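In the two complexes below, chain A is the common chain; its partner is chain B in one and chain C in the other.
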Partner chain A sequence: MNGAGLSSRIAETAARLLSEGRAEVVIGFEQGSIPMRATPCLITDPADAGRLIWNAFCSNNLARYLVPGRKSAIVAKGCDSRAIVELVKERRLKREDVVVIGVPCRGMADPSAIARRFPGICVSSVDETDGMLTLYGGPEPVSVPVSEVLHASCRLCAARNPVICDIPLGDPVVENDPGFPDVEAFAALPADERRARVEAEMSKCLRCYACRNACPLCTCESCFADSSQPQWVARGTHPEDVLAFHVMRAMHLAGRCVECGACVRACPTGVDLSIFNRRLAADVAELFGSRAGLDENAPQPLAAYSMDDSQDFILDPGRKPE
Partner chain B sequence: MTDEITGRDALVRFLERLLAIPGMTVYAPVAEGDGAVFDRISSVSEALLDFPGAVRSPRHILTPMTEKLLSMGPDGRVEEAIPTPGPAVLFGVRPCDARAIAFLDRVYAGGDRTDPYYRARRDALTIVSLGCREPRPTCFCTTTGGGPLSPEGSDILLEPSGKGWSVRAVSEKGRALADATGIAVESDGGNPDAGSIGAEMTPRVDIAVLKKVLDESFDDPRWQTLTAKCLGCGACSFICPSCHCFDIVDGEEDGVTVRSRIWDTCQFKAFTKQASGHDPRPTGADRFRHRMMHKFSYCIDSYGMPGCVGCGRCVEACPVNLDIRRLMEAFGGDGLE
Partner chain C sequence: MTDTDKNAAWEPRIVAFLCNWCSYAGADSAGVGRMQYPASVRVIRVPCAGRINPFFILSAFRRGADGVLVSGCHPGDCHYISGNLGARRKFALLGRLLGHLGLEEGRLHFTWVSASEGVRFAEVIETVTAKVRELGPARRSAGGGR
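Then we have the complex of A and B:
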């Protein structure tokens, strides 16, 4: 089914859920104010449901907008659904408070990747048909398949179909989990190159916390980074403080990060936080056989205990697990 | 007398001459990942002269993200860290950014108070701006009182002229710099095409009307609905060329107490939280309303111009596309004939 067909089915579904009182709010996307952007929208009146759309730019993780105790319907891609799974496990949400409108996803288009592909073109509008984007704004319209300009997180996606779903819309897509080639490639670099890469990423950080605030799993009511008594990490942009913030946040998300890439997409300066978060996801997968948000019934690895748990990373960090 | 410099090569030649001035620091756009930032260059090859997107705001050149104000050693002796920079040129900012610096001048060095840290950096800096041939989809400088060829805040404005640029000295500082480079300048200025570039920019909102409506809209219920998707991060503020709120923090470096000024933003939860625990702006809607009120009402009262120059960076940077132009239209949209 194409985007326009899905858009109208999402709108119809939203209007029905609101009219029937099954949800107080429907969380979805509407057309953004600039080319190549869709924007989150919270619909409470069935008459507004027609604003809801679906296209290749619906990249935010909408689970961020779920509020405990508010009956909500949410348009969920694979990554949004993974976040909901974790939030329910952490008792941030009650499963029965959420109606998941599941939409299979082939990955979202990255405006930066489009800019790299067509340097010099300032895109003024875009059409999408059958997975192909046509971009206007240059001397001639240009076309590119969405699959060639995906966000990095979408290229590495482990769950394109919603993991949990109450109202499935659209045809399921073939899963294509590539594992962790990015983590392996980074780990294969010499130590000084890895350090240089981390420093280069950290040097771009403004401490605006867009990464944290866009993250569906950054749910702490008060964040360690905002605490002044005690002050866990200094404010400001000294390199060691920036690194401390990002490493502490990454550790806080270990085993919980659903690898949606919302942090990377939210960053106004393009800090690639996946070098931390994906590494931790790979470690948790290797050490505990667990991947956040993929299995509704699996315990959270760092909230469960088993005699078989690997201890090597504590006792002998250099040794590979058996 | 106009020295018409043509195309990219001419900008290169201009930069070369600036770099050749003894003791001169030159800031120009340089690549950073997929983006570009203003940074010190030592050769022209480092400069990114045809970057199609918006270079990150040059605000950090005048107000560093983390700026040491003073230090105090174990003996209790306090040393102020007022900078003593040599002459510097900020090359390649757009007229909106130059206008933002004119705004920052009013904040930090206008009226009866002057910030010595800002003043020192500002006095040393000459601003060479690059007029805009074509606005980006996010540009709205004309709405906020500027324009693609606005000279406000620039010392030298390079005005698009055919395929080249004509060099216009806006200030005495600019004239002195042009003299030092040996490039002739146009003295009276005023590009006859100035009115047509960017004429189609939106929103078509009268800022005076917007201010009047905002002043009466503190309790408007639309603040809740229009800002419901805001994540409460500081991306809009920290990418803004005219946002200037800061906090002052004490830390320790090598046994010495250091007091620093760091960027802060009204969008952060902790910004107005008081020692008692009370927060006069407890919700995201309160905080976003303050951002709008500050830019389009309080700044006009305090500094005689809005705290927004319409560069459009926040429109692009906002992770959820909360577009400030939509709020301007919502509150001031009916104001223009």
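Then we have the complex of A and C:
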């Protein structure tokens, strides 16, 4: 089904849920104010449901907008649904408060990737048919398959279909979990080079917290980064504070991060935080056999333990205890 | 003078987070037993390995530690039943993450020392000190720590 068909089915579903009182609010996307952008929108009046759309630019993780205690319906791709699974596990949300309108996803298009691909064109409008984008604004319209201009996180997606779903819309897509080639490639670099890469990424950070604010799993009521007593990290952009903030944020998300890439997309300076989060996701998968958001019933890996956990990192200076 | 000679004369600063119930008592028992180990270690006593926030480790490094050692009770011996098991998962990830980022490689060590293992405690300190000495002083980023 193409985007237009899905858009109208989403709008119909939203109107029905609102008028039947099954949801107080429907969280979805509407057309953004510039081309190649869809913006999250909250619909409370069935008459407004027509604003809802679905296309290849609906990249935000909408789970961010779920509020505890408010009956909500949410248009969820694979990554949104993974975040909902984690939020329910953490009792941030009640499952019965959320109506998941599940939409399979082939990956979302990255406007920056499009700009890199067609440097001369200032896109004024976009058409989308069967996974092909037609861009207007240059001397001639140009076409590109969505699959060639995906967000990095979408290329590495482990769950394109919603993990949990109350109202499925659209046909399921084939899953294609590529594993962690990005983590392996980075790990293969020499340590000095990795450190230099990390320092270069950190030097771009403004400490604006867009990453934190876009993250569906950054749900702490008060964030360590805002605490002044104790002051875990100083404000400002001293390299060590920036690094400490991102390492600690990554640790807080260990085993919880659903790898949606919302942090990377939200970053105004393009800091590649996936270096941190994807490594932790890979390690959690390897060490604890767990992947955030894919299994409703699995315990969170850092809220659990086993006597048999790997401890090959434990220093043992030759002598075993008797 | 070669780097190795320089490092031989240099005494690393190692911050050791020791759990109150096993490793701290293990250090005590090393002392009572008059065992020799390098004077490189600054001990911070914590209630349990599970008390150690990864941030403590980062803070130690940024405030000038050349190495950090975390030591708790052996699995199964935790005073709080499972504090060290939860900590083990957390530290496994933290160690790998810092290594991945090219940070503090070879400077962060985890171990278990029980209250009766004074000898093991002395060996651990010797081993960690030797490893950190080989790496030399930790590199601080411009501006230094707070």
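We take it that the second predicted complex is superposed on the first by the 311 of 322 C-alpha atoms of A that agree within 3 Å, B and C clash if a C-alpha of one lies under 4 Å from a C-alpha of the other, contacts with A are read in each partner's own complex, and residues count from 1 in each chain.
What we mean here is this: a contact is a pair of C-beta atoms (placed from the backbone, for glycine too) under 8 Å apart; a residue touches a chain by one contact, two chains touch by 3 or more.
The model shown is predicted, which means the values in this text are computed figures rather than measured ones.
Of the two partner chains, neither chain B nor chain C is touched by A:Q229. Judged by the touch definition given at the top, the superposed model places A:H238 against both chain B and chain C. Contacts of A:S112 after superposition: chain B is touched, whereas chain C is not reached.
By the document's definition of touching, of the two partners only chain C reaches A:D309; chain B does not.
By the touch criterion defined above, A:N297 lies against neither chain B nor chain C after alignment on the C-alpha atoms of chain A. Using the contact criterion defined above for the overlaid structures, shared-chain residue A:R64 touches chain B, although it does not reach chain C.
Shared interface residues of chain A, touching chain B in one complex and chain C in the other, are 234, 238. Contact residues on chain A toward chain C in their complex (touch as defined above): 183, 186-187, 191-199, 224, 232, 234, 238-240, 243-244, 247-248, 250-251, 254-255, 275-276, 279-280, 283-284, 287-288, 301-302, 304-307, 309-311, 313-319, 321. Within the complex formed with chain B, the chain A residues making contact are 32-35, 37-42, 60, 64-65, 112, 115-116, 119-122, 124, 204, 206-210, 212-214, 226, 228, 234-238, 262, 265-270.
Within the complex formed with chain A, the chain B residues making contact are 32-35, 50, 52-53, 56, 65-66, 134, 136-138, 228-229, 231-235, 237-239, 247, 249, 251, 260, 262-263, 265, 268-270, 315-317, 319-323, 325-326.
Within the complex formed with chain A, the chain C residues making contact are 54-55, 58-59, 62, 74-76, 82, 85-86, 88-103, 105, 109-112, 114, 117, 119-120, 123-124, 126-128, 141-143, 145-146.
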